[in-house]
């Protein structure tokens, strides 16, 4: 058995890279910081790959089942004998897989950014925060206990905040970063309370104990507590709330499209490939609990995933901002993953959904990162985010064009690209589990193909736009990551994922269901053809269709007015009807009460001043009458004896 | 010589040194040196304490020393420390030292300023080392009074009003407190204790009748609670903090408000556990309101210091809330929160002071984009903000998590519901912190004149860096501090939980 | 009666000698040299004060009309210290020509006679001696209050004092006559034996209480105080507010503890109500005052309201606290009055507004003033805190928590107006602050003395222990 | 001992005189009259002392001595009071008590 002790270096290297670039970045050559960041990431990637290799192929299995290995653990904060936070490394199939995903995408993004951010003022800051993010994200996935997850959960949130707000002199970026942080923070409140309840009923934070399918944690807290659901169900629903926030599930998705204000590499890394799937990861991490202890919560996960998926896909069809389309597509794809988890059971054949969801997560990371980086490339070339201002770019940017097409095919689920395999398995799982959901997901698959190719055709075909400056292909440092990711998107589908990543660690057979795969591919093709018809050539068809849909189109275009509702709730209700009154109450009522006591004292003081009239006889009068009153009091009290 | 007496002797020597100084430079240097020594010995005290503990000394209080003072009243000058006071003394050492550094530029009546500041800090040090309620009360008032002059003379805005209000409200609170401790004293003759006493250690061995506790627990709790910004007696805080000069805001929010929490824990809860369990719920409601109300109040403020003052109300409310849970984890969290809030609010006020000196306004509506011109201060401000909203890796997170986890272990639903409500403050905190950060530091520069601002100078950098190191150190490696405190909480919690029903 | 016996009343004897020497020396000295009376007097009085501290025996004289104990000697010493400080504070005022005093010897003679009266009053063993002492203490003061011929306020104050005093002593006498009628004696110990719950006797007690409360200026017998304090010369005011008040408190406590102890329940109640009234009314009036003398008058009324907290319950510890409090009060109040006197002598300004920006020009004086006021307000670490704290403690030990609470709240209110003065001196801006005042050595010495007292008495625990050892067994 | 007249008559008399004095003190506007009223009060006291002494405790003369001292001290009091009143008169040109109210509130 190899000790995986070196894995602790993964976050440690990144942390020091962050500190070093952060403190010394301003004082050295600006490109050096990029190099340092990339080199440390390269080291981390090598380590991750090595870990993955030794875990999956050499040491990880015991008795045919992948074990949870904790090579490193140190106590960080002790609450009580049983409740303590440890910082450690937990290796199991999903965390190792996530390490690979994170390090790969992050490395690509680092390399890409060396070129992309070249002219940026905050170059060192950017790389320092990238390191911080990668550190937090790796910390999150290798967490040994739910509190460690929470710690890094918050840290990825803040690095996301910092990176979205990279262009801090742009009010829109500032607003977007704020929104992202606050919305996820609100979701984290649910997560935190969920943790509190979990810790209260199980008395532990440790994942190993919590997720032991034969352990006591599964059976605890199953008594009905509140509104017909068990305590455990409530706890897991609250934890899922946190996941929904981070993974932009409806109705907490509103921050993600705005988060596109950040630099595009950031969107690729954080808001497409890694951080946003943290929610999925966490549900997967706690999957035994969900599956065995609180099936209701798991259903909720599935339904929320399905609904969000459809909802976001519909919106994506109407948007014109390239990055926003990708953002909604991300939301939609994460919905897929959530659904995959939601329709999964624990172990064996039932665990197909889990495995498919993880598989999709893996594939999605590759092709979505690719999409974003391509988008970055496009934006870099044309200096515009809106797809209506682009067209015919295939001539100018061949590499971007091809890689983008591969990614589109992958996301649309066209065989043999990676998306096909994972999406197919999710659909199979859904089909076996819940017919209704599977119908919904078929529709989403079609919509996905449509809107992605709508984007593809509009940008690369369509009209020949006249550009102010002729667009050019991106430099090599940006092109290589695209190529690498394109290769990954094309090929990762062939990985026999079921052998490695499953809910209970033992391999799952992934049978090929023709009755699901064929219709799915057909639907996708239909979507692509429709998009081709509408957008390959410049035409007024799309406009006609949208105007014929009228109000419906507008509602979808306006993203179902969710943002407006949020603004109404925050600005009008919380600000106007809570905060302002609280501030008013504090100043006018509480404070004035205190001032009033002082004023009253003064008032009395003025009122009684006539006693001191300066008249000698009045003094004597008060004296004599005061004496008489005192005498009466004395005599009165005497009677009691 | 008892090491603790040094905490009182050094300030006296410093004051003498300041008195005989001739130039402003000499005054500053002697103040900084004196307070530097205080800082060093307060850090040393932690190690000395740990060494003594590891030597197997299991007394409740270490380094104790008692002098008879007023024998016929059995009033002693009794000092000693446990883990809680040691860590709060370290906090005080840090804050007063950085406070002196931030006041480097005080030009008007420099001598008097530093003397008042040092007298104030002496009161705080004395408060934390006292084991006798009489001396404790003495130092409590000693710490409050210089505040009047400090705010009144060197403050800004409606300083006279604010100073008077702050002083009177705190002294009014001490009226309640005084009656409370006299109540303890008068009822201290019980079985096992033949003589009236103010000594906390002696008092803790007595089981006071519940009727007595019922009367005096609220008095002591409110008395200290006012200093800890207990709703609805917190209104001195926004006015006071906003008018006070930088160092005073730092010390006041950073340390003085902690005396409230410490007193509640050490006197109210420790000495009157029955009443604490019985009447705790009233104050739980008040502190819950404090936490949420303070946070909501902070959202709409426009003055930087007001925002911070309301946030202090919220954070200090959390301290009292946690103490009232009479649970070891949350009490540990309470002490951690005191330290954490002390550090970060000191940092906040220091930074606000520095920014104010440059921009001459504290109104966030007229500011923006300072990140461009004052990168150092801006980054520090953001770090303070993150600490305040409970970012892991900084001190606030540790404290809050201890409080939430601990409070949620309570068996009664009422307490858990209160905990959930209090938890929600983390979101509201995020809202107002980010709002300020966005309005103040980010975005385009609103005022052309701001383009010519100069970033921090050496003493400003020194003071902020010290505070940030402390905040991050506590946030990254919380275990030793938390262990230091929690071991000392044992006697208190034992006393409380012996009587708990669950 | 032997000489040795006569030495029992050495305080009064030495004082009488001093008074006569001063009076005679003025006759001997030529007109231009009259100022030399001051150092002579200060020297003599210092000797007198020191003699007071020499060890002495307890005993009785004149068949029990006069008695002395360690405690009574302590009280007299406290009064001596107070008068000594008042004397050296008045030097500057006497030397300046605003007074209209041709012969300073007269001033000193009158004050010393008043002090002799107080000493006799404290030492009295029967009501006759008590009455004589009381009148001897009061009547000369009235003359002194009215002595500033050039000021109209002065004679108005004199009239108010003498007539009110006459009324109150008439009431007091009526009470004594009733006591005599019901017990058949005017000796304290005999009266105490025949004293019990009897309507007529309680009536008599109330009359006597009124007479003494008038001197302590307890509400509702306080109304003369402010006017008299304002009208009188500053130093006479400080004498009135400190020495005169302290002596009246001493005799009140002695009477309550020895003569009227059997109706402790009655006077506990009476003290309770009057204490609350006195503190509150004193504070409420003090808030608005602009004239510093008048301000200090009301503040001293409020301070008087704290004294019953120590008396109430009738414990020796309370008695010690009262004496301790008065000792501290003496230094604090004289410190404050000293500064007011210094300023008033130099500039004639007595209003609070005049003190705006005082710190800029007169650092030492404002610091003394601040310390004195903080001591009056009961702020640590100065002595006033300890004095008040012990009063509160002794009341609390008797179970009067509500009273203590009211008292502490009143202490907070009093802090407000003391801070107003501090604010004027330190915070308020003023274009033309009072010029730098160079006070004479006497004033400086007195202020240093007061400051030392204010700072040290609190910390020196053995002073309290010493007092407590003397009060032990007073009942 | 006066035949047929009991102690109570003296006491009634002295009480009447006492309250007459107080009444006079409170109502008369002339300072001298007020001063005279205080004399009435003191005289009431003297009546008391002498009467008590004579009727109840004739074996000792405490009461009578007390009365003598009261008379003497009253005389000094009057002397000082009148001196002050004269000094006030010099400035106010009146001895109306209501005019002596410069200091108030």
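Letters A, B, C and D mark the chains in the order given here, with residues in each chain numbered from 1 onward.
Criterion: a contact is a pair of C-beta atoms (placed from the backbone, for glycine too) under 8 Å apart; a residue touches a chain by one contact, two chains touch by 3 or more.
These numbers were taken from a predicted model, which means no experiment stands behind them.
Asker: Where the centre of all protein Cα atoms falls, which chain's Cα centre is nearest to that point?
Answerer: Located nearest the centre of all protein C-alpha atoms is chain B.
Asker: Which pair wins on C-beta contacts, B-C or A-B?
Answerer: A-B
Asker: Let me have the rounded angstrom distance from the C-alpha centre of subunit B over to the C-alpha centre of subunit C, please.
Answerer: 42
Asker: Mind checking the centre-to-centre distance between subunit A and subunit B? Centres are C-alpha means, answer in whole Å.
Answerer: Centre-to-centre distance between subunit A and subunit B: 36 Å.
Asker: Return the distance between the CA-based centres of subunit A and subunit C, expressed in whole Å.
Answerer: Comparing mean C-alpha positions, subunit C is 77 Å from subunit A.
Asker: Which integer distance in Å separates the CA centroid of subunit A from that of subunit D?
Answerer: That gives a centre separation of 97 Å.
Asker: What are the residues of subunit C that contact at least two other chains?
Answerer: Those would be 159-160, 163, 167, 171, 226-227, 288, 416.
Asker: What positions in subunit D touch 2 or more of the other chains?
Answerer: 22, 25, 34, 100-105
Asker: Enumerate the residues of subunit B that touch no fewer than two other chains.
Answerer: 168
Asker: Report the complete set of touching chain pairs.
Answerer: Pairwise, the chains that meet the contact rule are A-B, A-C, A-D, B-C, C-D.
Asker: Taking the touch rule as given, give the residues of subunit A at its contact with subunit C in the complex, in rising order.
Answerer: 598, 601-602, 604-606, 608-609, 611-612, 614, 616, 618-620, 622-627, 630-631, 633-635, 637-638, 641
Asker: Which residues of subunit A touch subunit B in their complex?
Answerer: 75-80, 83, 85, 147, 150-152, 154-155, 158, 161, 165, 168-171, 174-175, 178, 181-182, 185-186, 188-189, 192-193, 196-197, 199-200, 574-575, 578-580, 582-583, 586, 590-591, 593-595, 598
Asker: Residue numbers of subunit C touching subunit A in their complex, please.
Answerer: Residues 159-160, 163-164, 167-168, 171, 197, 199, 202-203, 205-207, 209-210, 214, 219-221, 223-224, 226-227, 265-266, 269-270, 273-274, 281, 284-285, 287-288, 413, 416 of subunit C touch subunit A in their complex.
Asker: Quick one: which bits of subunit D touch subunit A in the complex? Just the residue numbers, please.
Answerer: By the definition above, subunit D touches subunit A via 22, 25-27, 34, 97-98, 100-105.
Asker: Across the complex, what residues on subunit C touch subunit D?
Answerer: Those residues of subunit C that touch subunit D are 127-128, 131-132, 135, 139-140, 142-143, 146, 149, 152-153, 155-160, 162-163, 166-167, 169-171, 173-174, 176-178, 180-181, 184-186, 226-227, 230-231, 288, 294.
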